[in-house]
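Consider the two complexes below, in which chain A is the common component and chain B and chain C are the respective partners.
The block that comes next holds the complex of A and B.
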């Protein structure tokens, strides 16, 4: 056997139509990548494609070695200059994109074009590092279709006419044929837990929208403009009343007068010391990644899955920041009594800086001096908000040095964070232990799938006061503002208990579309992105395949793909055989024997031509095969073939023995 | 009959040296009742081939040299007023023969060309309202210089379709040319030519050709070939159903010449370049498709 072989001359590039198809597909692949790059890099990549396009139209020659080298070095330098690295998600994909476009500078042979296509497939997948939405998935399919179409155009190198429709159909058919295998691989490919598996850490967007672990005035009102989904909830039973839907997040203890922060000593888990009332609420939350450790649950959770722990101030925390969508089942009680107040909590919950917001502090002190009990002090504060002309607005004035005083006595216009922080300030001044909770309030029930979607615009802040005998009690000072004092355009849904004015058909349609899209997105998150080890186990258990180890799973995967392919092959073979008549089978048999003897028949070679060629090229075989071929030609193409003669020929062919090729 | 046909081929080969394949093709064309177009340079023996074929088959032969000032009436004939009788009398043109050689057909104007081609198709001519049948058998051999020569009117595709086959003669090989140079003058030899076949025998042979058996698998292959021509990106348009019928008829005649009572796929393969060559146009619109090129294109079609 010859294992060294002189390399064949490279196959030439196919026609211009195929090359333009390749450029088109490449443009589709590269364009979304350039959006994530710094502008100069994106422009560079686009310019390379455009240059090649012009070159194809005008017949420009490819540049020389020096230009290619210069362009490549410039590309590398630009990537390093932009990212200070060649590795990692951003720099890596930018480098890959640029190199792919630079390959166009030396597109000489079919192999180069193929290389571009295969790198293109890789780049399409790299797009998933940036976005895992269903839209990204759809675009991936679209780009793969375009690349496969270009592949089809490239594999007809001699075609004088570009048959784009045909190649597109073929590509679609091929993708459809690959679908069952893709589904099998997706379901069965072993999923590993832990951070080793999955996307690299810098694949997660920095500066994701979401709550931060501190409250600064003006922060949540930024969030309100974001329609991004925070999490979705599937309730087992009926959805609790809207005014009970407080999704508890971080708890803030420490303030400097302008900002509120959590206390770092609150970590560590506590036992539940709760008196619960009313029925429990069971539900499952699918939380979008937000890069922080806390997870959201309905106020107040009593049962939660193992990897999460509850801190002393009743936050649920994960061990690591939530970097991919997670799911958890929770049991909560919307009515509860939390009776315990350790000393340190009392100390923290009444602590105020002395130098700021003196007017507010003085007001709190006055309530104490008037001899009101804590319950009455809370009522007094809420009455203040309700009866005085306080307005709820999404565009509050910018806070100055004493933000609470300015809000309470001057502007009287604020957002939930203003009300919560002003209320907490007043309560602490009035010696009522108070803390601020931030999270989300409400949510939108999607009629398509019955899930509650909580968006960033539902972000909210409220307060909790400690009352002797009743424990920590949730007080939402924003909720006492009467609807007429809610500024137009602010989130009125929060105030009017789900009563909506009659909608026009256009907005109804839009809402319906949004619900459909949201349901699709949820399903995608649940079944595609969120398909993890746990979910795989559950699915396999449902299929009766539980107890499979990782190795078994791999074997099972390989086995089932092989079985699938073998079934298709067997079916095709069977269909083929069933269609073939007896003479057809005789010819196949003879073809097989000839091929094994080293004299394969060309598919377009008739019996007479074959006999002539055998006589010339394989005189060994000709005496035995020649008469059979002549008889076959007579029976197959001549008039009146008798079944006996066909059978005789079949026997003769079956017993034919040809010497094997060496 | 087989013997007679073999004799015809042998005798003709005696005059046209080293061109047996082309002689067989021409004869097959005749047996399939088709007309023949010979395209080649002057002086390779186009006219001699026609002469010999007509002579050996015992057919009446006329030759028309096409020129740019040739008029339709010069081919079809005219009615002339005869003073003695006071009537018009028809003087038939050269087309009233059993074998007509239309020499350099692409030199005539399209009007004259179409007169000839209509007569070929209808096998009758209508002059001044009177229809006159042409003799039977009727066989036109047109010759054409490669159309890129100056002062020619290349036949349009629709008219090319009237010819069953287009063949090229090509230069003789070395031995044949030596024999030609060393031998006697071909024109003298023509005088000694004696027919090997009567017109009645020829009509009988034409009848026999239509009886050659065509099996279902062969029709499958023929359809696969037609399909390929229609789907292949190499051609501007595929072969028409008429082209399919032409190929089948030619293959039957070819099988008869081979002494077979059935058509083999090889027959289709042999004849395809000559039957399809002038009916297909290359998509890249360069030189017309050569026989080898065509054969290579259709080798992609497996025999079912």
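The block that comes next holds the complex of A and C.
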């Protein structure tokens, strides 16, 4: 490891207590990290630390070169075996963790120990690439405290015994004093919009749940199990009725009978041609990253911020996949009339493969042959779902070769995706232009902060049909299933129209806690994780600092940090003075006054000697100061100074007025 | 000796004139990062680049928290030294070539001070803690080479507590002088009657007890009659007589032909031997005469005269 010549021997590693503190701190820091790693790797890392911990406690010697080499090779092999790489975010983090643990096997000098602690800090940062939840924020403070405590133990090599409490207090105090500096830098340090250089491919892979850009039967019912937040909404005005809360996402045009896909040609943005009715709904959405380009808005958005564009089928798209939480303000109208139907849309929206789901296709053809107009055909399909024994279930039977036929005429049990795709199939067969929209429906209003939380379990699929004169009309075939045919445990909230049955106190408490946590999480999202260039600009504007040049902002920052440091320094001085006791303070006060009067006390001069000298050299001052010095000597050297006498002397010294030196 | 540091216009940066007492304040304490501190700063820089690149708020937060910690640790490291008072102890003495042990005390003032290091140079520091409002007595060994006065060299007191990222240090030039005796010549016989007044029965030696007389300063403590002291009869000295008891004059002129330093070395040896044997001895140097006597005070007087012969070296 050493590539330069050392001029002096390395400082030895401090005693066992300090080493155990170091290992304990590392254990606490590394343990949460191993949760993100494959099990064998995590266990290997923890085993290495525990081995050294036991070794220190029992006085085992450090392992030899062969063992170290073997352990290192095994670690690298394990990383490569798990990730097929040594680079990238996940492999890199795992490698860092293992190197840190392996370094413990050759901990020989103070330098090694410090290196391990610095790597530990770095590892904490690497962990934030996986999660930035409020829990991760708590982990930040905890890890910093543990590692800083270890630094304290290491820099006290002459300790007769381990004074863990002292190092812990000292580390806590220093971190507390560093906290205002952190807040200041966090707010004011100039934020850039994007990365400085390229990121590894897996930089943002987080095993995210969320909608994909196609509909395959059985897909959304997986999402229903996930309580992860998809996005949160703050409405400016009242929250629209629950049956209007359709959060529009990708629009699907193309089907092969089993799956639905978006059309690749619909990306060009359009000018809005829309007749709106009713009042607009204004709101702000905080969208969790989902790695896709679309953003969600209430059906149907009319105004949106600049970086987003609307496609021809009225999806809002970002320019790049959403890899970080974003916020946007939208205006939507829940009632609208969309009149335009270009030729290509009519062609796409009625296209069906002929080779499968023939029964369903035939049913659609029959409705046309019966001479029903398009609106009646829609009503006919909905009546089918409502009146025939169709059930809504989270666990539908697995689809075979003709999924729509099987659902419509055989199992009659399905999830929203079954209803949406079967409905769309029937409509297209009946020559009504139809497309499928996927997104979210509903959401949960948090009474703590008034925000609507939309979770992955709110994922939904519905259809839009084009009716002459009315344009694209949203039809949600799932919504016509009567509540008694909704299977127990399925997301009944979607059907009971927001009314909840009476809850027991335990579930009420749980719900309350969940709401509190969710509100905290939202605030955290807004102000900590989501604090970015735009937010910084807005805040600076609000603080009146937006006119500052970068250089002036830097000066302001440096000045503020210096001010905070001066406060800490003053506090440290104050603490020492307070500890010094009242007599020491009296002496200092008197020293100050004498110095200002041009008769400073000599460093080693006691009260008697000073009084004698003053009488000789400064007869002007002696009458006033002499008695005070005598009293000071009595209190300081005599037995049992009473607090009253000390206070009286302090008052006398405080009110002492000496002529200034010229 | 001076009890105060007289301000002098021309002094080396950071170094002050000697004083019996040095209090470490703002103007005396220097502080710079250690090598570990520089490594830590580099790690922080890497973390900052990572935070910027990944636009990761918590990475920013930890980087800034640790940056703040680094800055705050400057103040705490400084505080660990501030207000310490170093005081010179009594003036020591030693033979040239032996280490001389300077005594000094450090007064902590309020608050505990941990992991302080004191020494002449970083390679030979002693490490110690100072309890709150405590005083610690330390011995600082200094190698001596030549006879004469040896001033306590400038001491460096430093600390890296609480994080080891910064090193605060101060120079303390304490006014403490050691008297370095000449290095004694190798063991050899005492001169036979190295001067006047060698006597037989009338003289006092160390062999046979003769009588008690009151203690005079300069008497050897080993001749004090402690039992009499215990009976509160005052300090009495036992007088010895006998054939081998003698008075010894150690005479510079009795060693013609020797150069100055070997001559002093031989005289030093004789003083040591004479004192060890409990003789009464005197010293004759050019222009200086130390009358007969014995005891530690007398020995020191003789050795001092030898150390400072010709103004020291």
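Please note the rule applied: the second predicted complex is superposed on the first by the 516 of 662 C-alpha atoms of A that agree within 3 Å, B and C clash if a C-alpha of one lies under 4 Å from a C-alpha of the other, contacts with A are read in each partner's own complex, and residues count from 1 in each chain.
Here is the rule we go by: a contact is a pair of C-beta atoms (placed from the backbone, for glycine too) under 8 Å apart; a residue touches a chain by one contact, two chains touch by 3 or more.
Just so it is clear, the model here is predicted, and its values are computed rather than measured.
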With both complexes overlaid on chain A, does A:605 touch chain B (first), chain C (second), both or neither? both
So, A:156: does it touch chain B (first), chain C (second), both, or neither? both
One more residue to check, A:74. First (chain B), second (chain C), both or neither? neither
In this superposition, the partner of chain A with more touched residues, chain B or chain C, is C
After lining up the shared chain so the two structures overlap, which partner does A:563 touch, if you call chain B first and chain C second: first, second, both or neither? neither
Just checking: does A:645 make contact with chain B only, chain C only, both, or neither of them? Give me first, second, both or neither. neither
Chain B versus chain C as contact partner of A:636, first or second or both or neither: first
Just chain B (first), just chain C (second), both, or neither: which does A:575 touch? second
Of all the chain A residues, which ones make contact with chain B and with chain C? 156, 158-159, 602-605
Contact footprint of chain A on chain C as seen in their complex: 3-5, 19-23, 35-36, 39-40, 43, 46-47, 49-69, 71-76, 79, 82-83, 87, 109-111, 114-115, 123, 127-129, 132, 160-165
Which of the residues in chain B come into contact with chain A in the complex? 213, 215, 217-218, 233-234, 261-266, 269, 282-284, 298-303
Chain B-touching residues of chain A, taken from the complex the two chains share: 156, 158-163, 583, 602-609, 633-634, 636-639
Which of the residues in chain A come into contact with chain C in the complex? 8, 110-111, 114-115, 118, 121-122, 124-125, 128-129, 132, 136-137, 140-141, 144, 148, 151-152, 154-159, 167, 170-171, 174-175, 177-182, 185-186, 189, 191-192, 194-197, 199, 203, 324, 528-532, 561, 565, 568-569, 572, 575-577, 579-581, 584, 602-605
